[in-house]
Amino acid sequence: MWRAIHRLGSPAIFYAVAGRLQPWCWALAIALLLAGSLWGLVWAPADYQQGDSVRILYVHVPTALLAQSVFVLLAAAGGVFLVWRIKLADMLAAAIAPFGALMTLLALVSGALWGLPTWGTWWVWDARLTSMLIQLFLYLGVIALRGAYTAAESGARASALLALVGVVNVPIIKFSVDWWQTLHQAATFSLVRPPSMPASMWLPLLVMVAGFYAFFVALALTRTRSEILRRESRTRWVRERVARTTGKAAR
Amino acid sequence: MGAGDADTGLATAWAATLGRELRRAGRRRGETLAPLTFFALVIALFPLGLTVQPERLAGLAPGLLWVTALLATLLSLEALFRDDHADGSLEQMLLAPQPLAALVLAKVLAHWLVGGLPLALLAPLLGVLLALPAGSYLPLAVSLALGSASLSLIGAIGAALTVGLARGGLLLSVLVLPLFVPVLIFGAGAAQAALVGGAFGAHLALLGALLALALLLAPWAIAAALRIAING
Amino acid sequence: MSFRLEARGLDCERDGQRLFAGLGLSVADGDCLLVSGPNGSGKSTLLRMLAGQLPPQAGELAWCGRVLRHGARALRANLLYMGHAPGVAASLTPLETLAWYQALRGERGDDDARLAALEDWGLGEGAGIPAGQLSAGQRRRVALARLTLTSAPLWLLDEPFTALDRDAANLLEERLSAHVRAGGAVVLASHHVPALTVAMSRLALGESPRPDEVAV
Amino acid sequence: MGAGDADTGLATAWAATLGRELRRAGRRRGETLAPLTFFALVIALFPLGLTVQPERLAGLAPGLLWVTALLATLLSLEALFRDDHADGSLEQMLLAPQPLAALVLAKVLAHWLVGGLPLALLAPLLGVLLALPAGSYLPLAVSLALGSASLSLIGAIGAALTVGLARGGLLLSVLVLPLFVPVLIFGAGAAQAALVGGAFGAHLALLGALLALALLLAPWAIAAALRIAING
Amino acid sequence: MSFRLEARGLDCERDGQRLFAGLGLSVADGDCLLVSGPNGSGKSTLLRMLAGQLPPQAGELAWCGRVLRHGARALRANLLYMGHAPGVAASLTPLETLAWYQALRGERGDDDARLAALEDWGLGEGAGIPAGQLSAGQRRRVALARLTLTSAPLWLLDEPFTALDRDAANLLEERLSAHVRAGGAVVLASHHVPALTVAMSRLALGESPRPDEVAV
């Protein structure tokens, strides 16, 4: 098990494995997203109270969940990089941070768009919304800190440390609805309770969530691979690989 | 090898200095965006600290936005001359055969272009978060654009005076905050007037007059301050 | 064209300690002056005064016979001063730094000439990367490349040999000699006595009891 | 000449570091007092920018005081490691045969003693200006004293991460302001609760818990950040 | 007591440029090693690695045979490192600075000894004024006074001769020789070849094609 992890930690091996996984992930992501969109946006019923605006749910919830998961992954990768100095972890972190920021932004925007018809305002300063906004700034900080250092290695370590410190915000987002009485909806999915939505709504939602996660995995694989190529461009295995593919093309 | 003329090529030097500043700002995008992020962050802090109802927030919005924009400008001022001083470039600029006031103006212009102007453009967006009505967006942005230019000019005097000092940042605040007060009063006044549907033209005209005055006087003051501070 | 920078009766006191008093000197085209003296004797202070940066407590500077009010432009147009800090911004590339220094003198110059100057000083490869990533000596070399490009006839250099390796120091000595031979002038503060091929006068601070009479 | 033991004299080193910081702060009194002046000045700006009636000002006072105290702390953080880094002392501290986390804690403690603590004592005075009723002075001061200690600890992480960077000041704000939010919420919450006559004990307890957590974790994070940033 | 710092297979790459690879060296009591090389060849980088400040891309350090995880305290307790910046705070007096450096090593010391050390380095008068008011060379002398006071046996000095006048440079050479003779060790990065009275090995970076075999 330990050896397997270390083997995967080698960029060359990860590059090859990810290359094989990547098309499957993309295919799965596209299939799930298509199915989920059709189901959620076309076939699922409109809400009796909210009308068609409820369909924002199918974008809002997956992006909100991803925004948090990506940060946790970012912090985990940071920890691995700082402790064991596995470069691959940092390449992964560099590859996924902008995507996490984008998801956070999308969750905020979709939430705001949804807020206008349901709460009558774009924005309120409730705990969940605020902690989500903070999350966006944490992402921006992690990204900016990496770029601010001239030495790439130091920038990577600094942003890993910040991700580790900033991860405390994730539980705050998660539990904000329980700790403070707020406007925002409490969790729908739980391991111990049945969902509080009708199945015709939460089933397509589940498909959308799965689709977004598959999309994330596919994108992470692809971006990490290109990050590997960029950073390892001078190592032997990359040069050999490039020689092989260009040789093939020449033939 | 000639003892050349003193005042040739001011245009070249001016354009090169402006270009240099913009290039430096572009090179460290993270740091250039920091005033904007700071602006947005502090605006997010106020509702958390104040715990007021949304409808009352709108009434406070122009003042909060203005005070925060002022603080963001203040913070970004500290770096205006600091690096140049540390690496010796500032000394070289003082020794250039060009009017120092002109060169300094190029630096301040660059500061406003990457700081104050984007701040003014961002303000309406944050206004949304503070439940500001749409009608007051334009006056808010215009007042901030005009006002932040004055703030950059005035603030640069303070930045120049404190450039050689460690912990200059805070001393700088203390020096320039009182000078910022007139700009704040007219600027926030314009935005507030627009909010309650009043006439904001007079406030904006006053802001413009302040800017003209600052443009006339500040460059000389900055130049003089730099010549003093360099021997700190 | 001939020129002359004169200092008359310069007094300098810092923190109640008299560094020099009534110091007079004169530097004209074709002169080279080495300012030496133990640590803290006032070499840097003197150079900053000659550049018009630090107003003297007493005395005056004159450029080509005309007395200068503090840091007047007639002097600055003909001056290249280099202090303890090399004046190389960390976020700019050497090429950009040199271009700015030329522009400050109102000259456009061109990148080929700048690149040639950098190559001259052994920095051909580093020309395009931000100077923050260069070593101490490399940054100093960027500053020295200004010597190759500038048209200013009077150079004031404060410990220019700091951080330079043997090759660069030799090159600098060669350049200083060539500049003086071509009718320029150099004032140099240094603990290292450079091996120049031109005549060099010396001004020793903090040792001779009466430095008033020193003149080039 | 012996290859000595590794962990002797931590107490000596710790006390000397604390003493050194306090002495440095005392030596430049102007700069040490600057956070307080900033605090007072910005509090004076708000009534100008906000244009609200005095009786409504009191309701805003705890929030304004807290946000401003937070900003004052933020501003003073930048200098925490900057000079030491520039003159090489920081590098020497990293090379000392002592646990870096402990030495760093001495620095942070000094920062709080000359910054956060006086701020907390000054706050009730400024509360008078904002028409705050007398009953809420004590909870305000206590919440600020507890909270500013957490702010110093958390902020020092950001200061360490940005120490080698030019224009670190603003980036620092962007990094640490999000982390300040929980402290602000509980701190301002305590002061606000006291104002409306509610129970503020729970809020203060939470602030204390936050401080304990920060004391446990922050020194390690600061030390790690410094070791990274020194190679900037 | 005898000690030994070993470096094995150190690799260093900065910005895609390989500075050295597979570098091994060993410094024990009574050794003196001069690291030389042109500007940008990696002297400062190597010294920072030896001090445990900069983690090498590959390779390891060992102190008395025990491999060190980054910057371990066993090494630091025996180390005096002095970089390009002298480590003298502007607002503290030389006496206070020296006291702090002693305390960092857990030693109390006393002011008389510190004053004697400063006088030794020609700073008797400046001992009580804030170091910000000293000249470049005087500040460097304050840092060097640590050499007189410290009990650390291994000294890593990066261009310690910067800004020193002839007298101070002579004194420093004398002190280095005495330290090595008394069973200490010195690693020195410098462009200036010091005149020591003890044997000195040399490590030239950036010139020899294969620096692997260098060892003291």
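Labels A, B, C, D and E are assigned to the chains in the order they are written; within every chain, residues are numbered from 1.
By our rule, a residue touches a chain if its C-beta (ideal position, glycine included) is under 8 Å from a C-beta of that chain, and two chains touch if they have at least 3 such contacts.
Everything numeric in this text was worked out from a predicted model, so none of it was measured.
Asker: Would you kindly count the fewest steps from chain A to chain C, each step being a jump to a chain that touches the current one?
Answerer: Minimum step count, chain A to chain C: 1.
Asker: Looking only at C-beta pair counts, which chain-chain interface has the most contacts?
Answerer: If you count contacting C-beta pairs, the leading pair is B-D.
Asker: Could you find the chain whose CA centre sits the greatest distance from that of chain B?
Answerer: Ranked by distance of C-alpha centres from chain B, the top chain is E.
Asker: Which chain has its C-alpha centre farthest away from the C-alpha centre of chain C?
Answerer: Looking at centroid distances, A is the chain farthest away.
Asker: Report the inter-centroid distance (CA atoms only) between chain B and chain E in whole Å.
Answerer: 45
Asker: Centroid of chain B to centroid of chain C, CA atoms only: how many Å?
Answerer: 35
Asker: Spell out, as numbers or ranges, the residues of chain C touching 2 or more other chains.
Answerer: 84, 90-91, 130, 133
Asker: Send over the residues of chain B in touch with two or more other chains.
Answerer: 28, 30-31, 34, 37, 41, 48, 83, 86, 166
Asker: Hey, what residues on chain A touch two or more of the other chains?
Answerer: Answer for chain A, listing residues that touch two or more other chains: 130, 134, 137, 140, 144-145, 148, 150-151.
Asker: So in the complex, which bits of chain D are touching chain E?
Answerer: By the definition above, chain D touches chain E via 1-10, 12-13, 15-17, 20, 23-24, 27-28, 83-84, 86-89, 91-98, 103, 227, 230-231.
Asker: Mind pulling up the chain E residues that touch chain D in the complex?
Answerer: Chain E reaches chain D through residues 1-3, 29, 48, 51-54, 64, 70-71, 73-74, 76-79, 81, 83-92, 96, 99-101, 103-108, 130, 151, 153, 182-184.
Asker: Which stretch or stretches of chain D touch chain B in the complex?
Answerer: Those in contact with chain B are residues 28, 30-31, 34-35, 37-38, 41-42, 45-46, 48-52, 59-60, 62-64, 66-67, 70-71, 75-76, 78-79, 82-83, 86, 165-167, 169-171, 173-174, 177-178, 180-181, 184-185, 188-189, 192.
Asker: With touch defined as at the start, can you tell me which chain A residues reach chain C in the complex?
Answerer: Listed in rising order, the residues of chain A that touch chain C are 150-151.
Asker: Over in the complex, which chain B residues touch chain A? Could you list them?
Answerer: 28-31, 33-34, 37, 40-41, 44, 47-48, 54, 57, 128-129, 131
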